[in-house]
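Only one structure is covered here, and it is reproduced in the block below.
By written order: A, B, C, D and E. Residues from 1 in each chain.
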Amino acid sequence: MQFIQLVISGIAQGCIYGLIALGFVLIYKATETVSFAQGELMMLGAFGGLGVMSFMGLPYWAAVLGAIAGMALFGMLLERLVIRPILGQPAFSIVMLTIGIGYVARGAITMIPGIGTETQALPVPYKDQVLNAGPLLLNVEQLVVIAATAVLSALLYALFRYSKVGIAMQAASQNQLAAYYMGIPVQRLNNLVWGLAAAVAAIAGLLLAPITFVHANMGFIGLKAFPAAVVGGFGSLPGALVGGLVIGTVESLSGFYLPEGFKDVAAYVVVLVMLMVRPNGLFGERLRKKV
Amino acid sequence: MRFLFKTSYAQDIRLARHGGHVFWYGLLALFLVAAPWLASEYLLSQLTFILIYGIVGLGLMLLAGYTGLFSIGHAAFFGVGAYTEAVLAGMGWPFVLSLPLAAMLAAATGVVVGLPALRVKGIYLGMATLSFGFVVAEVFARWESVTGGNAGKSVNAAKAFGWTAEAGAPFYYLCLLLAAVATLACLNLLRSSTGRAFVAIRDSEVSAQSMGIALARYKTLSFAISAALAGLGGGLYAHHIHFISPDQFDIIQSIDLLLMVVVGGLGSIHGAFLGAIFLIGLPQAISAVKDYLPAAVGQAPGLKAVVYGGVLVAFVLFEPLGLYGRWLKVRTYLQLFPFYRKGMFKRQKSFQKSDRLK
Amino acid sequence: MNAPDTPPPTDALLQARDISVRFGGVMAVNKVSFDVRRGEVFTLIGPNGAGKTTVFNLISRLYAPTSGRITYDGQDLARQPPHKVASLGIARTFQNIELFEYATVLQNLLIGRHTHRRTGFWQDILFTPAARRAEIEAREKVEQVIDFLDLQHHRDSLVAGLPYGVRKVVELGRALCTQPRLLLLDEPSSGLNVEETEDMAFWIQDIQRDLGITVLMVEHDMSLVSRVSDRVLAMNQGEVLAMGSPREVQAHPGVVEAYLGTIEDVSSLRREVA
Amino acid sequence: MNVESAYGPIKAIRGVSLQVRRGEVATVLGSNGAGKTTILKTISGIIDPRKGSVQFKGEDITAQDPAYIVEQGLSHVPEGREVFPLLSVHDNLLMGAYTRRDRDGVARDMEAVYRYFPILKERAAQDAGLLSGGQQQMLAISRALMASPDLILLDEPSLGLSPKLTKEIFEIVVRINRERGTTLLLVEQNANMALNAADYGYVLENGRIVMEDTCGRLREKDDIKEFYLGMKDAGVRGERRWKKKKTWR
Amino acid sequence: QQQGVSKTEILVGTIQDLSGPLAGYGKQARNGMQLRIDELAEQQGGIHGRKIKLLVEDDGYDPKKAVLAAQKLVNQDKVFIVAGHLGTAPNMAAMPVQFEKNIVNFMPITAAREMYEPTNRLKYSFAATYYDQIRLALPKMVKDKQAKKVCSIYQDDDFGLEVQRGAEAGAKAAGMEIAEKTTFKRGATDFSSQVARLKAANCDLVVLGTIIRETIGTIAESRKTGFNPTFLGSSAAYTDLIHKLGGKPMDGLYATMTVQHPYLDEASQPIRFWAAKYKTKFNEDPTVFSAYGYLIMDEFIQAALKAGPNLTTDSFIKAMDSMSFPADMFGGPPQSYTATKRLGNDQSRLSQIQNGKWVVVSDYVKP
């Protein structure tokens, strides 16, 4: 019973990692860059939701919609202002850029007097509710995360697999020049991707807020989502989810059964092992250049 | 404008290409040697930090800028060096022995990390190094009998042969000497076959291999050298800062190191030191100017992060070649004056290509 | 492993025996055998996707054969790690050009000297007189190749900005810098115009005759093929179709059918339009 | 159009003017680095010209967004294949038709290119990056055809193709031109083929047009014969030492 | 000539985290200090004719930056004293820089023993250490609650370790062992396996080496899984955020503390008055950290006044070493310093969250 309860907590926590990892994978799949600002976008989304609820006094669903839409716009704006000018530069420049954006976002939030340095709670309607399934405990906050992650990853998977726009995004990331030749509006798609990623981040932020509270440094949880994305295979959306679950359960179990300290590095050990055994992750494609 | 007439191949492998080089670098050396008399104590300490970070930057530059392997866990090597030095200095070892040992131990760690590098590239390598960094940081925190755990560890001054490199000028000279040696070593490496092998691996692994370059060997070598320099820097850092604790070698530190080489200018030796100047100088600059800002901004928490991030973003946007790139432009402008044309460094459109296939 | 190697006939530098490679459902190379004799120019031809490049990749050990063996100078190539192939004296060019883009032409060629370096890591780092001498010596060798291929003009340009044709020549140069005994050329003339193809033909002949290097090449330009090759092997769908002198192979009905095509006169195109 | 383009401070083409009439096949010849590719890239908006303008169907498309230009009915077979390596062959073709809205037409054209190159149909589900060089070239050509354009720019379409396929490609070119009235601008090293398939030709050297004429007449010129068609007495070895250099610089 | 002291001015340096994980505390501490300085200027006019100027540096809770900040304050700005530096590791890094120049490290805001041990004439510390807090409070709690099994959960860093050591010492004093101990990393969000461990060990008293979110996370997770031991936190968990964010489940948590949280509707009139003043000035509610900052500056002013017009490091130390401060308005205990006793007072008292508010439930716990 203990074991199952631990696995359940692990799954719940894993879904959180998976949810954030979805953002990474989304950006990676569509632009071949890694966004280190994803955690910060999530933080902004949570603050956005908080703003709508606490300061504008609107109900929860309005906050959800507002934050998601607002963040999507913000993501697009961000793309327009700072990503687009260096579109086409090596992916690594963009990685650096996102690190910079992360700093600015964290600092800017901290600078807001009276709010930025505080930790706040987002009053959600389902706060602190627990479902008892027999002897097992299911936390509603976590169930919501699990459901949302599953739905989102299915939607995004369909986008990349079946829609023309989704395929075009991948095409543009694989060979931008050729994408231009094909008349793919690379910049517009990129704009869309960043908007989407920011919206996904906002969703993650809103869902996480009841669990981790809202504060300027909440984005650091993204560091745990990296291992999730790697274990799943960086280019795979279902992989992000599965990777998150793996990391979550391993953490949960190792926290209970292994000596102290293992829980904190479990995620990273799993990544190292994974990279040794299957360098491209569980769902990552085997890549080999043909010459 | 300078025209060089080359008369022998040896000219091409000389470090100083012409009289101008000799003159300017001579001047720089003179300034650095005279710094303890010229600079205030505070500035000298900053300069020492710059030299230390410059050494680490050299290593990372070699790895990221020349071999094309990005490490997001370099603080681990930095930390291995720092802790080794702290422990050995605590046991009374002379630094002439302990510093090389610190570098070697870091190099050994580097080899271990280099192993996954043989199999993974790009972002996967980044994640492997990142994970490794976390694991090493955890070891620093848990191995209390050696590292002092989270309580941290104080570090004695560097000593050898009855001489103590006290804080201030003596320690500064020690760092200066080592930085100079490290720079020379890197320059030498880069103008010889080993350095070219690194560049080859960066640009195309397949054809590097078919040119007879053993990928495994050179990638590990690159990691080892890079880690050794980080370890050396770490050893000096430990002395300079007197107190080390595991959280000084976390992911933030790794990212700072990476930022340093990017801002400095990937793929140039100058960049390592320019980046170090930036990394150490910027926070100081911010706190210097913030008193002049309106209190609502100047005194607000978070200002530092905003400016730091903002400057970074601006760099990537406007000067992708980093500080060194900027310097090149200024130099060309001065050399060509008044013939400099505006479009000269106009950025060309470039197109991203998947680096998953290399 | 168990049976001692039967010594190959003395004049065969490279022997392929029944080599096969399968990629998923595709049999890219299927039981192909051939010998490349010392000092000859041996050409592989065949329709697109016949498996010619795959044969090259097998020789340079980028792929491992599913079955069969390749011996080079009496050694089993399968035992060599990929980077050792170059030091055995096998150099190659690539169909799609694989140069070191962000290095100068000179540096590219110097990298070609890698197998001949005589200094170790410590010598390099100290830049000892030995390293200095080695550098200058390498440079001299490279300059010979530059002269041979008329590349003086491009010595210090970054490869990234060079026109296609020049890159092809640089790649050839890089392969020559390794001082190979066997040179693998994958479509040396593709992307070159008639004039340049002619230069290429001269170079290949010089390489064969003056430098004494055995050449194995893949080529689609039949005039070049018949001009320089001693023997030709035609492949189709991974299998050997014909082998012999250029003239024989070109006359082989299977080759004509699968590879050369039957329209003889290109001016037919014109008449259709007119 | 009349353009001047440069890569940074290096001028690649200088004041080139050329015209392609509706429904005709034009070709540009020139040795390595003459600037042929640069011209094509300038036309399709990948490079912005320093000076000059590009007109397409009476509209000024100078320095327009490449996506817009493609939408106007111009497609490009780039030099060096440039397929999307990690997409399947089918998806690659689909991307060729990105700007099109008519599903039926796309399906029909897909069938058509599969007929031209049956191997592509066979490999429809394979990653394009794993195709052989020539197969990738076929894919690049097919992908451009999928846009069902009014003007196709072909940059060395025969690169790496077998002799048989090379001929077939030119047949296809001619057929498309005739059946659909598609205009083509062809850059080709195989001058013999190009001059036979095209109506009008330009000769480009060092970024300048040095000669232009109908293909019929170009074929008769001595210099063209010698330098582009390779028609001269089969020389003996050592010929290169006294080789005649081009004179029109 | 004493650095940092001029005819009209005394330069006081402080290093706070203004951009890192504790940016909130850093800001509040700074504001508290500034409030006292402004009061000085308005009410007394100065210390022997000198005004205090506060120089603030941001170290982002990073030891390396702390060294740089300390170097700037000491060597460039030439401050007289560094007061109220936040955080253990940053203090550890900064102290050598200060000591080299004979600069006092005055009342750092951290409750680690290293702040006064090993003794150095330049160290002064006011806060009862986490170690002492728990060491003294635990036996009392064990007795009061008749606990059978004492366990601990603590943050995996220097702070958590101090609490843990205090818990071990306290348990020993009560004649027990720590039955189960478990840790987490700073910034952790999931405590399920840790709580499962504690629950599996049947703990009935759990010592929390936690700060804010971790305190809430641990308690919330426990309540959910029906695990209801007595929780005892340190002064790091004594903040109004616990009940504000954690809500109902936080009721019943004990924490050791000295300085009382200045609620705006506090019963005690001076605190209420003080809190209102703070709120007007900085437009935010004061916290314990504001109070710390205020008190530190207050003590500095008292000592500097006593040191006389010729203010030097030596005269200041001489004054400090015979100082005793009475209990302050926030309920902090009386403090006294001598040349060998550099911790003002090692005692703390217990508060409990009752109905969503901290209530002091014990007097200072005597050993």
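Just so we're on the same page, contacts are C-beta pairs under 8 Å (C-beta built on N, C-alpha and C of every residue); 3 or more make two chains touch, one makes a residue touch a chain.
A quick note: this is a predicted structure, and the numbers were derived from the prediction, not measured.
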What chains, if any, are shared contacts of chain A and chain C?
B, D
Look at the interfaces A-D and A-B and say which one is made up of more C-beta pairs in contact.
A-B
Using C-alpha centres only, name the chain that sits farthest from chain C.
E
Give, as an integer number of Å, the spacing between the C-alpha centres of chain B and chain A.
31
Provide the C-alpha centroid distance between chain B and chain E, rounded to the nearest whole angstrom.
37
So what's the Cα centroid distance for chain C and chain E, whole Å?
74
For chain D, give me the residues that contact two or more of the other chains.
7, 46, 85-86, 129-131
Residue list for chain E, restricted to those that touch at least two other chains
19, 23-24, 27, 156
Of all residues in chain A, the ones touching two or more other chains:
107, 110, 113, 116-117, 174-175, 177, 180, 216, 261, 264, 287, 289, 291
List of chain E residues in touch with chain B within their complex:
18-19, 23-24, 26-27, 30, 56-58, 60, 62-65, 67-69, 71-72, 75-76, 89, 92-93, 95-97, 100, 114, 156-158, 160-161
Touching chain C in the complex: which residues of chain B?
9-10, 12-13, 185, 188-189, 191-197, 199-200, 202-204, 206-215, 221, 267
Residues of chain A defined as touching chain B within the complex
28, 32, 34, 36, 82, 85-94, 96-97, 99-111, 113, 116-117, 173-177, 180, 216, 223, 226-227, 230, 234, 261, 264-265, 267-269, 271-272, 275-276, 279-280, 287-289, 291
Interfacial residue positions of chain A with respect to chain D in the complex
164, 167-168, 170-171, 174-175, 177-188, 285, 287, 289-290
Considering only the defined contacts, which chain D positions touch chain C in the complex?
7, 10, 25, 29, 31-33, 37, 79-81, 119, 130-135, 137-138, 156, 159-168, 170-171, 174, 177-178, 189, 191-193, 196-197, 199, 215, 227-230, 237, 239-240
